[in-house]
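The two complexes that follow have subunit A in common; it is paired with subunit B in the first and with subunit C in the second.
On to the complex of A and B.
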């Protein structure tokens, strides 16, 4: 035991050793992903190297470079070995979409402390914004032959989708933010459902959303004549947006706005007495959180080439909330981890276990783990609430260097 | 010069008149204490001035600007800062971050500036951190700058609240029972701190306090409330010998 502690101690101090071990780990896991046919374990280990990277004591620059190389080069290369590349990439793309949404919800719930149970509505708004204009739907709606817009329009629509979602965030926020706490949760839940039901019924009197049948033949993104159609191609779009989102929230967290969100979360009355306008600050949280979701909605509809209201049910909102709570409210690395764990669990692990169980002991379909998603979420929430109420990776406060600050105050005079 | 003028301020909660036709005139750069038994309406009066409650009638004027119908954050921006009777710090944030929140209105960085980390924004943040650290030094908390507020001791939390209020760069500072729960030594340090910050930041200070030693020591003017009414006002000597005040504190018959 003592020896083990000594070993850990040494590992903590020795950055070179950390670096070598990490490289070894990445090498082994990527090699096994490459050579083994459809090994979920190997793929998870490869993704786990990002978590290992988070815990190393390397400098920020090195961490970011390793993460980038892993995401942009190693993961796509390693998965290209077998026939199941698209399966892996499909999981990676969906995980990326969920991470961006969870980071958006983290602004609302984690930073500003506003419990929002209808967050998927903004994802739907993003998806429908692109869906309507990039499918034949717009042509029938506006009787104009400039629609559907071509795939090149996908790129500006990422921003337009984000902006429209942000606008709806503000429009919903103005009435909703009059209530607090539990009441806010119920009202947002209602709004989330209303948005879905409106999309479901807006095929008459004017057919805008094509109702329950959904929108099909949505254009795929196009860049200089190249069409993005495979999951492994969408992967790069998602990674690019995700990087922008992560850098954005990191900068926001310790800014004037980020601090005022946290102040409102901690104590509204004191925050107001310090000169923070409550409504405006809360609306910013709603708008920015919604915009991340809206951007990913555009990607979602372009990837599936199809949207219908059934993708935006309450369970989706709950899933995103579970990601935030599991990871750690207000903790950016935590939320990323939480989103990754839950989406991989949903998309890969549960189906794998189901496949395994049906092949070996032939369990009845009603007992299959994929059908127990809600039960599993419930168990996760209870366990987290009891054992790790602050999530897997607890939110850290920004640390200042007192020495540096003290020197500066003296030199000022 | 009067820093703050109240005329006929009244606030009722249901059938209870918590504050009843109060007139006040606070001199610039003075230290005024508001005393009175529990439930006399002292904190309610603070809440009326800082915009947390709306008065039913009466006027509150600061530098010829009416404070009625303004939100607490607008009143804060006019230069009124306060601490709270039951400490209201941002518990999960560090001491330094708490002070940075106080600077909110004086920081100019917008959303785009933050997202692109413009040089102006980075410099402003750095300057704010240094200023915040200096305020922590003023209240003798600079070694605890990275500590979460909830981990500070009671006396430290009270001082941090003062630093946070000072960060809003007020001209009038309201302290709601600043010495509550402090031992005599801590109270002495606090007394020195209050007189020090008044000089340093050129403040008008209004405080609610039950510690009579502190009140008599520090204040130039004392206002006594009882059952929502102003029953006396004057210098510490006048208040000490005022029969109505003694009656309110010790009960009828104590005077004779």
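On to the complex of A and C.
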């Protein structure tokens, strides 16, 4: 035991050793992903190396470069070994979409402390924004030949989708932010349902969303004549957006706005007394959170080439919430981990276990773990709330040294 | 327009039926909120569980049940269901809310959502396992129908039909509300409950066992919610594990409408919301000349909720509370 502790101690101090061990781990897991035919365990280990990276004591620069190399080069390469590359990449793309959304919700729930249970509405708004204009729907709607817009329009639409979602976030926020705490949760839940029902029924009097049938034949993204159609190609789009989102959130967290959010979360009245404009600050949280979701909505509709209201039910909102809660409210690495765990659990582990069980002991279909999603989410929520309300990776608040602050000349006004 | 007027009696009957259900479920929300200032998200699920327990009991009674007179079966099942869901409610409180009483407000809400998902899936699992389908159609105890001759009172009205089940439902829910009102206002335990709602610490100094009172509140709220669930199953015949969520949300709307924490307000809010919703479902498409159909009835209910919360968050009968620092 003592020797083990010593070993751990040495490992914590010795960065070179950490680095080599990490490399070894990456090498082994990527090799096994490459050579084994469709092994979920190997793939999970490869993804786990990112978590391992988080816990190493390497400098920030090295961490970021290793993460980038892993994401951009090693993971796509390692998965290209077998026939199941697109399956892996599909999982990776969906995980990326969820991570971005969870980071958006983290701004609202984690930083600003506003419980939003209708978050998927903004995802839907983004998805429909692109879906309407990039499918034949717009042509019938506006009686114009310029529609559907070509795939090159995907890129500006990432921004447009984000902006429109942000706009809706503000529109929702203005009336809703007058209510507090648990009321806010209920109102946002109602809003989420309203958006879904409206999209479901907006095929009359004017056919805008094509109702329950949804929009099909949505254009795929195009760049200089190259069409993105496979999951392994979308992977790069998602990674690029995700990087921007992560850097953005990290910059936000310790900005003036980020500190105001946290102040409001801790004590609204005290924050107001310190001169923080409550409504404006909360609206920013809603708008920014919504915009991440809206951007990913655009990607989602372009990837699936199809949107319909059934993708935007309450369970999706709750799924995203579970990711944030599990990972740790307000903690960016935590939320990324939470989103990755939940989406991989949903997309891969549950189906794998189901396949395994049906092959070995022939269980009835009702027992199949893929259907137990709600139960699993429920158990996670209760356990986390009761035993670990701060999540898997607890949020760290930046510490300031009072002495240093006192010596500093006041510069920013 | 004349159609709207002539169909009014039927709308009123259906609206009051739905409203009575909302009212009793709203009571559960309002009682818990009054005491703990917590939205018991799982309450809608307790209602749903009650519907399944009741229907399950009825189905499993089989031949034995048909030998008994229908009204005895009904009362037996109601009492059993109430007991079981009451215990369920107490268990939920103990497991998911009591450890979190001092936690920030967001946390119990999260565990409430968790409990509600667990219940949904457990019931789905059991129902699917036993019957092969999670949508369950129960048998009904009373088949009769009654026609109320509104047309003989005022000529333009159409007659309204009312099922025996509906009459029973309205009768029992009204009885529940009366009994609860008396219990809360006239008995010692009711006084204790109100004391705890006002100030937990002072109440505990007055030798009131706060934990017991909170448990009792959960028991009563869940018991009447669960019993209403069975009445709901009798009234509408088909139930599934997901009925509780939306219905719970609407019942919560009713509680807010009447002023949350206010028991009589919740009853009134429930009835009002039920009538409004049925009216909207029946007439929205006529009133808006086809732009909005009855599929917007849920939107209508949520819109009421949002409007009330924004413009009159204390509800119709509630006192507005000042926030203390």
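Quick note on the criterion: the second predicted complex is superposed on the first by the 398 of 413 C-alpha atoms of A that agree within 3 Å, B and C clash if a C-alpha of one lies under 4 Å from a C-alpha of the other, contacts with A are read in each partner's own complex, and residues count from 1 in each chain.
Everything that follows uses one rule, which is that a contact is a pair of C-beta atoms (placed from the backbone, for glycine too) under 8 Å apart; a residue touches a chain by one contact, two chains touch by 3 or more.
Computed from a predicted model, the values in this text were never measured in an experiment.
By the touch criterion stated above, A:256 is placed in contact with subunit B alone, subunit C being left untouched. Touch criterion met: A:115 reaches subunit C, while subunit B stays clear of it. By the touch criterion stated above, A:269 is placed in contact with subunit B and with subunit C alike. With both structures placed on the common chain, the touch criterion links A:185 to subunit C but leaves subunit B unconnected.
Touch criterion met: A:377 reaches subunit C, while subunit B stays clear of it. In the superposed model, A:405 lies in contact with subunit B only, and not with subunit C. Of the two partner chains placed around the shared chain by superposition, subunit C is the only one that A:200 touches, whereas subunit B remains out of contact. Touched residues of subunit A, counted separately for subunit B and subunit C, are more numerous for C. Residues 269 of subunit A contact both subunit B in one complex and subunit C in the other.
By the touch rule above, subunit A contacts subunit C in their complex via residues 109, 113, 115, 117, 175-176, 178-179, 181-183, 185-187, 189-191, 193-194, 197-198, 200-201, 204-205, 269, 314, 318, 321, 325, 329, 364, 366-367, 371-375, 377-382, 384-386, 389. Within the complex formed with subunit B, the subunit A residues making contact are 248, 251-252, 254-257, 259-260, 262-263, 266-267, 269-278, 284, 395, 397-400, 402, 405-406, 408-409, 412. Within the complex formed with subunit A, the residues of subunit C that make contact are 38-39, 95-96, 99-100, 103-111, 113-122, 124-125, 128-129, 245-246, 249, 252, 256, 290-291, 293, 295-296, 298-299, 302-303, 305-306, 309-310, 313, 323, 325. The touching residues of subunit B, when paired with subunit A in their complex, are 50, 52, 71-73, 76-77, 81-82, 84, 88-94, 96-97, 100-102, 104-105, 107, 109, 111, 114-115, 117, 121, 125, 129-130, 133-134, 137, 142-143, 145-146, 148, 164, 167-168.
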